[in-house]
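Shared between the two complexes below is chain A, which pairs with chain B and chain C, respectively.
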Partner chain A sequence: MLGQTPATEIQLPSTAFEGESNRPAQSYWNESWERLRANRIGMAAGVLILILGAIALAAPLFSQFLTHYQYDRIDLLSTFQTPGHPHLLGTDDLGRDTLTRLIYGGRVTLGIAFLTVALSLTLGTTVGLVTGYYGGWIDDILMRFVDMVLSIPAIFLFILMSILFHPTPITLAMIIASVGWGGVARLVRGEVLSVKQREFMVATKSVGARDVRLIVRHLLPNVLPVLIVAASLGVGQIILIEAALDFLGLGIQPPTASWGNMLTNSESYFFHSVWLVIFPGVTIFVTVLASNLFGNAVRDAFDPRLKTH
Partner chain B sequence: MAESLLEVRDLHTVFATKHGEVKAVDGVSFEINPGETLGIVGESGSGKSVTAMSVMRLQRPGKIVSGKVMFRGRDLTKVSETEMREIRGQEIAMIFQDPMTSLNPVFRTGWQVAEPVRLHHGWDKARAMSVAVSMLGKVGIPSPAARARDYPHQFSGGMRQRAMIAMGLTTTPKVLIADEPTTALDVTIQAQILDLLRHVNRDFGTATILITHNLGVVAGMCERVIVMYAGRVVESGPTVDVFAHPKHPYTWSLLRSIPRLDAERHEPLKPIDGLPPDLIELPPGCAFHPRCQFKVDRCTRDVPALKLVGETQLAACWVTQSGVEL
Partner chain C sequence: MLAKYLVRRLFASVIVVLGVTLITLILMDRTRGTYVPGIDLNPNLRPEDIARLRANLGLDRPFYDWYLTWIWNVLHGDFGRSMIDGSPVISHILDRLPNTLELTGTAIILGVLISVPLGVIGALRRGSKTDHAMTVVSVAGFAVPQFWLGLLLILVFSVTLEQHGLPWLPSSGAASAIGGGDILDRLAHLIMPATVLSFFYLSLWSRFTRSSMLEVLSQDYIRTARAKGMGERRVVYLHGLRNALIPLITLVGLELPGLVSGGLVVEVVFGWPGIGKLAFERALQYDYSTVMGITFFATLLVVAGNLLADVLYAILDPRIRYA
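So, the complex of A and B:
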């Protein structure tokens, strides 16, 4: 009706620029990855976590070919063996092999840590995106709920839920995540509030995008850096929380091994079997330290708010 | 007379604030025909942008309280959100003021330029991408195939604005709304972008609404102009007439506040005294009267309506409507 020419048939005048540039497109992700790789300590910490994870995954192999013990095999004739032969890291009060239990405990502890991070990120991100984007009553209700959850001492909630639900690794992850998602939701919501003010959101809406697309395709990638940082810093924290619950006897119950429940009662053996404190303790310490170092490195590399250019 | 392509009739958009209702757009009417270029001028806060956003129904948190936006037989203030999405980007496209922030930093530019055709025509990635690349080339991006793979931060301000224009044009919209498209750019780039918009208008037949506070831009680009003050249209008409014989004291003052080549060398520029009015509580009568040198008693009492003061020129001023020359 308007006699328009199809867009593809028209040549508009162009302005001369200097010749073609050959520099490759540097995406935000490439740049961040380069920055992360340049951080030696952070990379070493990351690699260490990967190795620990791999060992935990391969636990049955280790028990078969290295230690030759099952993690739950009780041997009352060889309790409190000192590290050496045949028990590389000694045995506990029931004669169970410490190294085998540490390796199997890694499965539980690391598994719970990653599952918890995944759960709280998923829930927290969804809530943060929705509340931040829509605002209004949905924001009021959900965020006041978050405020409420976060203002009850977390340890109290953990103890309560551990009593109500039998803590298996999966329920324990859900218990920790049920408190942890609140912090993520707040973080994401704050980020969304700032990103949604940026003009490209209106610009995208002005080309006819629907809300779901705006949120998932445009908002989410912009809050992803913050999420990556939160995830990598969260792992260490969750290992500590889980270890504390196990230590108190509220988490994973023996004979299932976890780094935390290996420490239960070990304080009574501190003087005559110090390795029962040292090995799980050092493992937790090193893992948490590595998670935090890696988390900090990730933050330095990915957090857009720390970027200098 | 044939029906206009886009006709805004008595549009009112308000923003609810703690202190009261801000009447950002207070009874604006205008129309635009195919292939025409219309300028909307006014100072900051005069309601130009809100008018444009209201046309696109993107005025949130503002609310359109009354008025019509007729586009090809439909009232855009009434159609469903789904229909509105079909119109946005396909029939009416918009370019924003700040090209630095109007592209999503995490996606490659080509992907974003291709977004409208993917949304509206459902084209696959490859086909949409080829249109995006050819469009980037048309708006003057050198080696567009390579640059389409670049991220926005690798583009200069001028190139980003070209990319935005390319994005707007991929679906050959009937109306292009450019909201201060050159304000954030430096002068040489401004000229290039305006030149590009002029070609778009001529070659694609796209009706263009150019929102600006720069009178020079309007003079060079637009056939018709409407002048806004405090959310109302105070004067409208062919650009030549409005600039040569302004019929509203506000337009007259605006024109005297900018330098002209044909004016006496040492004549000082005359700023407009006073401040724009509070949009929550507009002064009674003509909103401009507290700053007007020509006001008469009636200006402080009754709101003047837009009336014909020349052949096609309209002004909302009691003084000029009674035949007085400024």
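So, the complex of A and C:
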């Protein structure tokens, strides 16, 4: 989930970016960008995500000019059509065009993923900055609350909330983010605790800077790299969670298409329509793979301390 | 020092558990007033019958009363009764627990047994073809949806094999309903769900072992061990692996709650009669008291798992200070 230690490496205690202090402030971002650009697999994955996003955004165009079908158009006379002509990727049990549904499903799935990341980061960063900076009782109360949220097995929380709220894409994003912000808060708080000790913070404070200015102008830019890394590593995880909830029938409901709910009940088509199981699954797999590879590249570029061996 | 640390952690855990009950019960309270489970099954119910049903189920009591009663009962081992069939929730949980433990336990053990050697090989032969192949597999393991992997296995090993008249694996349940239940039958049912579940753990832990091992092997004490002429085998296994496994223990400890909740999706895909599937089915039927009981039970395990991981870590790694 968002903000937790990525599984592939050990996260070391933060010591910020030593050895870069005597260079111009801009160079960290330029250097990171150069490192990211040099990572060919990572860049390819990033471009793939952009393409998928563009296709999802342009879904009505594809439906109009490529597939010539609406995603929710039921045609009981042409159910389970094999991939080819006129349905490029075949049709499902109600005769709906699979490719059109995949493209529209991308809107839902990617949209939810990005919205979830945005929500988790906003709330998590705010809580992390406040608790890390002020400490004391605010810190105690909020961080115990984070402990509680993260102690409930996430899948049970998702189930409880989705029977409660009957998810639309926006509420589903809020449901997933209601767990995801906790990890971000812990991460940001940890960064703030270490940055707070550094001399420039003490100096800024001693010349009379106010709390808000210290937090927004000085702490936030310093935790930004961690946030960028958490965001890019989180997207893939969230797509997997969202797909699983949709598959279980707890997320986005048909006729709205999502990659997860296209697989609900698909085991009943095993005998005659294998493509209905293959295409949505491959789409999820490739998207998550690309997100993870891009996320790893971003981590290596922006946070070289965490680079895997 | 250790005792004081333990007491503090234990105290914090109790607070967390209490808070969790409050969060989940508030969530449940938002819905419990509006719907009586099973109400739409009987069209002859009169308003006074519904009122009586609500009273029997405790749906008409104020939240604080309901919450305190629930806590009091849980302290006495009573997790309440199912809103669907009136049977004690705890008996449902205990009924399904062995199946779930069989599945997730097998997956975790398989995961550790395979991932540690793989991780060590990856670290020792860093950059080799084996290492690259394992990296690719584990990157794929992070990206593949568990439920879809399950569907694919069913497609190949149940459906396709059966179509070709070959021996095939059962795709659903923990044992055959007729003439099943012996060890071979249970194993045949266990293979696919356990494989799906352990594939994820495998991806996670083999990468972790690998980087932990590389980290340890670059330490000074390893160089010292080599410098004093110790055999490579002893250096790697006695000094290297032992230290590399310490962080892995925490990671596996954190996964222990997954013994109960981690298999939910896999249980549903494979029709495995475990706790996760129970929670899922009861949630769809709005059986709040059962879902609540299971959630609380699983949360207890999470908190206990975290505590255990912390304590083990503190005991195993003398560098950790109990501050």
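Everything that follows uses one rule, which is that the second predicted complex is superposed on the first by the 277 of 309 C-alpha atoms of A that agree within 3 Å, B and C clash if a C-alpha of one lies under 4 Å from a C-alpha of the other, contacts with A are read in each partner's own complex, and residues count from 1 in each chain.
What we mean here is this: contacts are C-beta pairs under 8 Å (C-beta built on N, C-alpha and C of every residue); 3 or more make two chains touch, one makes a residue touch a chain.
All of these numbers come straight from a predicted model, not from anything done at the bench.
Trainee: Would you check which partner chain A:Glu199 touches, where first means chain B only, second means chain C only, and both and neither mean what they say?
Mentor: Only chain B; A:Glu199 stays clear of chain C.
Trainee: Applying the touch criterion given at the start, work out whether A:Ala209 contacts chain B, chain C, both or neither, answering first, second, both or neither.
Mentor: A:Ala209 contacts chain B only, not chain C.
Trainee: In the overlaid three-chain picture, which partner chain does A:Ser27 touch, first (chain B) or second (chain C), both, or neither?
Mentor: After superposing on A, A:Ser27 lies in contact with chain B but is clear of chain C.
Trainee: Check the residue A:Ile163 against both partner chains and state whether it touches chain B (first), chain C (second), both, or neither.
Mentor: A:Ile163: touches chain C, not chain B.
Trainee: Scan A:Ala243 for contacts with chain B and chain C and give back first, second, both or neither.
Mentor: So A:Ala243 only meets chain C here.
Trainee: Using the touch definition from the top, say if A:His218 reaches chain B (first), chain C (second), both or neither.
Mentor: A:His218 sits against chain B, while chain C stays out of touch.
Trainee: Where on chain A do the contacts with chain B and the contacts with chain C coincide?
Mentor: After superposing on chain A, chain A residues 7-8, 10 contact both chain B and chain C.
Trainee: Note which residues of chain B are touching chain A in the complex, please.
Mentor: By the definition above, chain B touches chain A via 5, 34-35, 56, 58, 85-90, 93-94, 96-98, 101-108, 115-116, 119-120, 131, 134-135, 137-143, 146, 149-151, 154, 164, 167-172, 174, 192, 195-196, 199-200, 203-206.
Trainee: Within their complex, state which residues of chain A touch chain B.
Mentor: Contact set of chain A toward chain B: 2-8, 10-17, 19-21, 25-28, 198-200, 202-210, 213, 218, 221-222, 224.
Trainee: Show me the residue ranges of chain C that touch chain A in the complex, using the header's touch definition.
Mentor: 12, 15-17, 19-20, 23-24, 27-28, 30-31, 123, 126, 138-140, 142-148, 151-152, 154-155, 159, 163, 171, 203-204, 207-208, 210-212, 214-215, 247, 257, 260-262, 264-265, 268, 276, 279-280, 283-284, 286, 291, 294-295, 298-299, 302-303, 306
Trainee: If we count contacts the way the header does, which residues on chain A are in touch with chain C in the complex?
Mentor: Residues in contact with chain C: 7-10, 144-145, 147-149, 151-153, 155-157, 159-161, 163-164, 236, 240, 243-244, 247-250, 260, 263, 266-267, 270-271, 274, 277, 281, 284-285, 288-289, 292-293, 308-309.
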